[in-house]
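Shared between the two complexes below is chain A, which has chain B as its partner in the first and chain C in the second.
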Partner chain A sequence: MSAAETVHTIIDDLGALLLFTMILIVIASQISRAIYAVAAQSLFIAIAGGVLAMFTGNVDLWVIAGVTLAVKAIMLPWVLHWVVRRMNVRREVEPVIPDAATIVLAVAVVVMSFDLSTSLGTVRQAITGNALPVGIALTVLGVLVMATRKTALTQMVGLFASENGIFFTAMAVTQGMPLIIEIGVSLDVILAALVMTILVLRVRSTVDADIADLDRLRG
Partner chain B sequence: MTGGRPLGLVLLEMTLLVLLGPLVTGTIQKLKARLQCRQGAGVLQPYRDLAKLLRKSTVQADTASGFFRSIPVLVLAATIAAGALVPVVRAGPPAFPLGDALMLLGLLALARFLAAVGALDAGGAFGGMGASREMTVAPLVEPVLMMVVFSTAAAAGTTELGTLAAHRGTSWILAWRAADLLGFAAMLVLLPAETGRIPVDNPDTHLELTMLHEGMLLEHSGPGLGCMVLASHTRQIVTLGFVAALFFPVGLADGASAIGLLLGAGAFAAKVLALATYLGLVESSYGKLRFFRLPQYLAIGFVCALAALALRIL
Partner chain C sequence: MGETLLWILPLIPTVTALLMLTTRDRRIISAIDVGGSAILAVLTLVLASEVATGGPRVLGVFRLDDLGLVFLLLLVVLTLAVSIYTVGWFRQAVEVGNMKAESLRSYFALVHAFVATMVVTILADNLGVLWIAMEGTTITSAVLIGYHGHQHGLEAAWKYIIVTTIGISFGLFGTVLVYAAAADVMGGAGAMSWLAIMKIAPTLDPGIIRIGFIFVLVGYGAKAGLAPMHLWLPDAHSQAPTPVSALLSGILIKCALLAIIRFQTISAAACGSAFPTEALLVFGLISVVVATPFILVQHDIKRLLGYHSVEHVGIVALGLGFGGSVGTYGALLHVVNHGITKALAFFCAGAAIARYNSRDMRVIRGMFPVAPVAATLIMLAVLSLAGTPPFSIFVSELLVLRAGIGQGHWIAIAIFLAMVVVIFAGLLHHVGAMAFGAPTAAAGREGEAWSPLVGMLLLAAIMVVLGLTIPASFDGLLQRATEVVVG
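Moving on to the complex of A and B:
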């Protein structure tokens, strides 16, 4: 097996693991499990970055993999766990539509993203393995989680999962974006996490309600 | 692959599965006991239980029809027949037409159906309850198992387990593609359901309303109950062997040499032990799920299996 094929296989396998963690996030009934799943997902993405870095010899990718590991696989889950402890909630998931409907939608998303990328044909040839459909599925499923959950924390998890999808696609498609962009994206994520954390805690402490209750604007 | 598995070998493998079935259950129970800081019964306890049951006489409900008496034998027969389809020590197709993975699942489903019919026939409330629950779970598990089979069969072009195992070959971990990972994940989710363990069923009790399989056994007694219990031991090891043949057929002998066969038997024991350890760990670390939460749990397996199929086909 040539080196390129090996990398394809490894990225494919990691893509499967990413899909698996994403399915766990979609189905999780406890917020802490969803957080563990998103941490595992980020870990796999960091590994994928490392593998691509080893293959392409691109030093930037090593840095990106390291930053992903530190920020997304360790720091963000820690922050989320801290908020969960602070707010003293355990089953903070509260779906808007029934779980079964979410699962059906998730299935449709997975199948459609694979179907969509087969129709891309030649474009897909240039991309490492199944990274494109997996990336699309991850992104859309993240949005699905955000759209079908009432509580802010779960929506944050969905956002991070979605961001992971975009990151994975970008990494696999371009074999490493410029370092400055990647760092900018990571900083964005950290800032978003901080802002959302503060917002969630503030809303909870001042009006004792969650984001879903804030549906009317008062002058 | 030269030749297939001769009839003698298939029969030998089948007998081996039936004989070793209770040992697997005993091992899981011992493991659970140790994890709970108990000494636990010896690993041979299921054999003693079976021997005791076979010595006892039968008591039967007045309302039960004559068919009820033959149910345990039929269930055991269907399960053992399913065992004949699992390649234990040697890969490759059988030398004579036997059946494939779908046949295996079909036979297990038949055993399940017969057990449910028996439970309903006896007319007890608990039996009906158990049968109803078992029949609710079965349609959620079986199609997904078939999808997992299809996702591996799509690569090999056959659903015959021996040929599948031979196709995957011995370099299994390198030959694992993305679809296999997802299929295996689906399998790990479904394994407790198919073997009747926590978080889907609780094999230790038939006194609470958590029961599925045990509820159906309540009306049986004596040798009949012994057959039913042996059938569930066999069902468990057959399912484990099925997973082993689908996903890691490493160590299966190619030829008919004695050393190869011994090696295959050793590898099979190791694989079943690993899967049994998994089951024991899951059973010790999770609680029984509420019945109406089960579809959601099993849906994880469904989505994984579907994604595996999508990866394989699209």
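Moving on to the complex of A and C:
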């Protein structure tokens, strides 16, 4: 087996693990499980970055993998856990629609992602393994989690999963976006998480409610 | 000189924001606020004259062409007007307790940080930098929307940050796809530069660009307030402090439109112009139709103006969708006209809300006797927003309509006209009752302060002038900007 084929196989395996963690996030009934799942997902993405870096000799990818590991696999999950403890969350993940319906939707998204990317032409050949459909599926499933969960923290987990999908796509499709852009994007994700955390805590301190539950603004 | 200005420009609001943090004195804060905005405006005018004579300026990831200049000019004019307006507005807000005196400086720092991110959005040639700056606008303005700190403001801020962050995640995904297609042709280096991509655009793989454009349109469309991704917009516009509402509606959603236009040009070159324009047409029509019923039943004046922005973003999308030079010219002119007029309308609404201490239009009655200038200006602004001649919005709506007729989009035109007529009636009904009649007991009787009025009159003057005539230099700018889009 040539080196390129080995890398394809590894990326495909990691893609499967990514989808598996995504499914864990979708079906998680406890917020802490969802946080662990998204941390694991980020770890797999960092590994994928390391594998591609080794294969291509692209130093930027090492940096990206390192940043992903530090920020998304360690720092953000830690912050989320801290908020969970701080808020003393009594309620867990509250789905808007039944879990079964969410899972059916999730499966449909995955199938459609693979279908969509097989219809792509020449650019597809430049892409490592099945990375593109996995990336599309993660991005859309992250949004699905945000749309079908009522608690703020779960929505944040969905957001991180969605960003993971984009990072994975960028890595596998183009060996990563230019380094400076990747770092800028990571910085934005950190800042967004910070602002969201502040909002969640402020609502918790003024009215004893989850910010995502507020629905007074209508019409 | 021009190149140097490109990196100085985003620094001005950044430095202004940092200076805010050094003082607590309200007078000094106001002076820095107006001063910073004025310097930004002057430097932009210098840069504008250089671009007009010497063509686009490039520096690293920044580039200013005529298209960006249209948006940049709108931004600096609105920033200046907002600064002048805020001088008097925040005094009143502190008095009634809407703003806390001790946290004022962070408010002003955030406003200028918000402006800085928008400047970068407009100047960005690199599509990745464009995205980073766009997320930056979300982060800074989300804090501003929830600034009052009450439950409704925080709810609006949360909805805003979630919806627009989902949105621009899609935008980033689309950007990655376009980058992948470009890197496939030209290699990774420079494949994020809009200029570089445009040079090779006809050779890009149309399949992947098509998917990329849809992701970008939905993503940045959420930020632009195109229906059905507009859910955050009425909440955010109604809950934000009034000067921030004016910036959100006047320029932020236009920055997202600029991003869409950048990708539209790439997509038009790669897969033919029919594909992106049809997509824009669909979203434009949905926006105009969805906004209408909410405008009719609205009681909250700021929500009314928010939904009305959805309609007008829809009209801009329609102009771009009808396409051709007439449609694009009309759309760009509409961006400017709507930005100026809507900011003015928010200013007047803010003055009325302060006077009556309510956002409910059933409470705000009889403004003419108690605040004649603000009442006159709000009538003028609303007549203009409704599309009455001789105001500026009438001109740009007419151009959009003409482009549609030229392209034979009869169904779209019929829907568009019907909605515009209904909204016309609805708006005049709402605001006529606010301006005329006997003032309710809630009305404050104090005189009108100069500071909000100067900001309002500045915008009103521009609005009236643009309705009567489009100055030759501005017309030239719009035509060159149109060429950038149409090719």
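Observations
The definition used in the following text is that the second predicted complex is superposed on the first by the 212 of 219 C-alpha atoms of A that agree within 3 Å, B and C clash if a C-alpha of one lies under 4 Å from a C-alpha of the other, contacts with A are read in each partner's own complex, and residues count from 1 in each chain.
Note that in this section a residue touches a chain if its C-beta (ideal position, glycine included) is under 8 Å from a C-beta of that chain, and two chains touch if they have at least 3 such contacts.
Keep in mind that what you see is a predicted model, and the values were worked out from it rather than measured.
In the overlay built on the shared chain, the residue A:Asn130 is in contact with chain B alone; chain C does not reach it.
Judged by the touch definition given at the top, the superposed model places A:Leu19 against chain B, while chain C stays out of reach. Of the two partner chains placed by superposition, only chain B is touched by A:Ala100; chain C is not. Legend: residue contacts after superposition of the two complexes on their common chain; A:Phe114 is shown touching chain B, with no touch to chain C. Using the contact criterion defined above for the overlaid structures, shared-chain residue A:Ser162 touches chain C, although it does not reach chain B.
When both complexes are overlaid on chain A, the residue A:Thr206 reaches chain C alone and has no touch with chain B.
Considering which of chain B and chain C touches more of chain A, the answer is C. Contacts of A:Ile181 after superposition: chain C is touched, whereas chain B is not reached.
Of all residues in chain A, only 116, 119-123, 126-127, 135-136, 139, 142-143, 146-147, 152, 155, 159, 162-163, 165-166, 169-170, 173-175, 177-178, 180-181, 184-185, 187-188, 191-192, 195-196, 198-200, 202-203, 206-207, 211-212, 214-217, 219 touch chain C in the complex they form. Chain contact summary for the complex, chain C toward chain A: residues 126, 128-129, 131-132, 135-136, 138-139, 142-143, 146, 149-152, 154-159, 161-162, 165-166, 169-170, 172-173, 176-177, 179-181, 183-184, 188, 191-192, 205, 207-208, 211, 234-235, 238-239, 294, 297-298, 303. Interface residues of chain B facing chain A in the complex, by the touch rule stated above, are 174, 176-179, 181-182, 185, 293, 295-296, 299-300, 302-304, 306-308, 310-311, 314. Those residues of chain A that touch chain B in the shared complex are 1, 9, 12-13, 15-17, 19-20, 23-24, 26-27, 29, 99-100, 103, 106-107, 110-111, 114-115, 117-118, 129-130, 133.
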